[in-house]
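The structure under discussion is supplied below as structure tokens; questions concerning it will follow.
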Amino acid sequence: MRVLVWGENHHEKYDARVQEIYPEGMHGTIARGLTERLGADATVETATLDEPEHGLSEERLARTDVLLWWGHLRHDAVDDAVVERVHRHVLAGMGLIVLHSGHFSKIFIRLMGTTCSLRWRQGDDRELVWTVAPTHPIAAGVPQPIVLAAQEMYGEHFDVPVPDDLVFVSGFSGGEVFRSGMTYSRGHGRIFYFSPGDQDYPVYHDAAIQLVLANAVRWAFQQRERVVPRIAMHRVNDFDTPREWDGSVLT
Amino acid sequence: MRVLVWGENHHEKYDARVQEIYPEGMHGTIARGLTERLGADATVETATLDEPEHGLSEERLARTDVLLWWGHLRHDAVDDAVVERVHRHVLAGMGLIVLHSGHFSKIFIRLMGTTCSLRWRQGDDRELVWTVAPTHPIAAGVPQPIVLAAQEMYGEHFDVPVPDDLVFVSGFSGGEVFRSGMTYSRGHGRIFYFSPGDQDYPVYHDAAIQLVLANAVRWAFQQRERVVPRIAMHRVNDFDTPREWDGSVLT
Amino acid sequence: MRVLVWGENHHEKYDARVQEIYPEGMHGTIARGLTERLGADATVETATLDEPEHGLSEERLARTDVLLWWGHLRHDAVDDAVVERVHRHVLAGMGLIVLHSGHFSKIFIRLMGTTCSLRWRQGDDRELVWTVAPTHPIAAGVPQPIVLAAQEMYGEHFDVPVPDDLVFVSGFSGGEVFRSGMTYSRGHGRIFYFSPGDQDYPVYHDAAIQLVLANAVRWAFQQRERVVPRIAMHRVNDFDTPREWDGSVLT
Amino acid sequence: MRVLVWGENHHEKYDARVQEIYPEGMHGTIARGLTERLGADATVETATLDEPEHGLSEERLARTDVLLWWGHLRHDAVDDAVVERVHRHVLAGMGLIVLHSGHFSKIFIRLMGTTCSLRWRQGDDRELVWTVAPTHPIAAGVPQPIVLAAQEMYGEHFDVPVPDDLVFVSGFSGGEVFRSGMTYSRGHGRIFYFSPGDQDYPVYHDAAIQLVLANAVRWAFQQRERVVPRIAMHRVNDFDTPREWDGSVLT
């Protein structure tokens, strides 16, 4: 499995508190956690906004099985051409794991078709992450509940489509609830949204959170020949080349 | 719409606190709330455990469009033959609304196929009922959130099948969460489970809760000729009498 | 209910066969069928591509409860600003019913986030439309199956998200199958995709098809104050103005 | 993975045509196909109706990770105590794959809560099995479509709950369609229903069908400590022993 962790890497440059929590960058901590848990099964790399093409060239995506995405303040700075490229690769089978404030990333909004808005509050809420789908591979071995001593609150209504699988629901000290772990399939790709992970808290150092992310990478991974759809007319075009089934085998 | 509210009516007989909260019986309060909100659109009656056949004769079910079910301590006292009868009518198109501790009723377990177990605690938790499906008819006009100052806590994991629609998710003071409003279709019948409503709290006097129940009755109601399936072999039998489609119209 | 039927109206201008089948235009026939079935419950109007703003001004959408969309050859000619406008209104609660080749319309692709591609063949296949969700309001009273003597074949895999409700599945003479009736919620809006309706066949004259469309209009309709989201940054913005719940009532 | 293939083994004893197609028994052919495809990853055994306890003792189920079930004429001969035992093990995490006419088995009806009835016809229909969920692990590598030259027809409406995942939809020569591959979770167990496999046709010799079954076994398998729920009162009892979460870690 070839895993790529994409980080906006903005807070880490300009915010002392975040630098202290994540001296290797949020993407760096996420990547290290995955490396430790996936071991020889995976190679884990990172990319950031300020790299050429945001570190997401066609070639790099072509050799990526699962992409993780953390962004927050600079969603607008992500080039539309790169967003379209990521979109095409997801539709062709690349796994995508969208983290926390990535709910407002261009790629997530494009895949969901909704506003992706939510309720939020910065107030050091305790977050409990409850498993509601105990048979789901992403929940395997995960404590019931995961306890995060302090986190930004994300609450309902979260304006996203009904998920394929609702895996986790979070409860916050203030009484709000949030569908915090949800899966989607789009085209040939598998997508997982996971909400814990504000930059102001050491969430990605948490062992249970790292386990969820490792489980999610294994789940989102598919051994599948990647046929990336073309862009034509106004749309990402059919990647099922033979549109008409050859019924001749039936005669 | 002909609505029937079934109440176990046990706490109301033996428990002074419940008598004080529900002098007309829990079923009585629920029925009155429905009558006020549904007006001329519905006739609302009640039935209780101690009546002959628990007030659920074949004839009575045959003229019931939507049945509400509240039970708690005496699930075992419900006759298996009556459970089977209710089951057949649900499969034939009668709506069923299962309330609170009715999660352990024979009819709900039979319809779900799981243990229907959950986490719980009596501790005067505040319950907030959040809408997560704002387009669902059962959520129409419902405040976001419904605030119940005190309630028994019901928490995940709730061992039921994945619902057709997840309408409400509750958060409790203790940090637990619960999928508190869920729809299911079984056969030709529509089912709604709604968890608020412990006997020790005046939940069914709450205007927002009454609105949810009235919405749920409207949603569960179907104008449909009732063909009640037979019982034969070990199973409730096919009610689609013509098993083979008459393809002759195609020639 | 204020219903608006949007038709591309291209085939009707240039194709004698279609003119013969639909002398009042496809949108005209669809609108007449709805008028007859919805009666006094609805006012039904039409709009077409060639009108200013394609007949879909902000004002007109603001007074539309349910929009039906038929397009085929000229998806690209639909102005992006109008697509965004329709998108915002759907998210705000306007119902949308997408018909047949509308699967490749800009608005549908934008709402789905996928390629929306499918298998197809023009070959006068008989199409049988089977109800798989007999409790769904859109299936109420619909024959099992609907028999369309000749239709264009649409087959799987249809690259759309998993629907909220799968209502109909079609089978074709050639052996292909298609999820032909599916519901989605996006934001506050309800969406129904229904595949029968190629321009070369008199599908919209069929009584059962007209019943499905009338049922779908009733289902997609919501009495809801329309708060249309703004466009800012790269996204359709939050229409839940108060993002933080006023917890003060909880003291 | 420890796999157990359960066969009714009735047709194989009394029906010359079936004996010819399945000289090693249907269960034998299914088991051999799994052994060949799962290789060292699995041990595959068989059990049949006529064995003591139908070959499904508590001890045997306790060491079974995934159970496959084929039955047809003698569903009634399966002891209720064994059905309850299988039910408890599924709820505790044992995978269950129900095949073809097993739709009317006691265990499937108990898990579904519906009639499980369907439309059918014996008429050598060609069956095409189409993948509608290309990202699902059970569909990995499966041809689009699977072509079965002759099969019994199973058609909609199939009276089962809405599945967690709809993986396959079949089309038949007669024009009927069927949701032929569906997943369910019940308790801690994963269930897959797969309809191809009438005794009169060599379906389980088909390479694509064998691939589906091998994929399904891998999917249904979970490494999970098996805590089998008790039977008490009228119900299969809570297997989440600690019903109240120990919130003390939060103070």
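Assorted remarks:
Note that the chains are named A, B, C and D in the order they appear, and that numbering of residues resets to 1 at the start of each chain.
FYI, a residue touches a chain if its C-beta (ideal position, glycine included) is under 8 Å from a C-beta of that chain, and two chains touch if they have at least 3 such contacts.
Because the structure is a prediction, the values reported are computed rather than measured.
When the interfaces B-C and C-D are ranked by C-beta pairs in contact, the top one is C-D. Using CA-based centroids throughout, the chain positioned farthest away from chain A is B. Here the spacing of chain B and chain C, counted between their Cα centres, is 33 Å. Separation between the centroids of chain C and chain D, computed from CA atoms only, is 37 Å. Shared contact sites, meaning residues of chain D that touch two or more other chains, fall at 126, 133-134, 144-145, 155, 157, 162, 164-165, 175-176, 185, 245, 250. Considering their complex, residues 75-76, 91, 104, 106, 109-121, 155, 157, 159, 161-162, 164, 174-176, 184-187, 229, 233-240, 243-245, 247, 250 of chain C touch chain A.
On the chain B side of its complex with chain C, the touching residues are 93, 126, 133-135, 140, 144-145, 147, 164-165, 185, 188-190, 222-224, 245, 249-250.
Only residues 126, 128, 130-134, 144-145, 155-158, 162, 165-166, 169-173, 175-177, 179 of chain D touch chain C when the two sit together in their complex.
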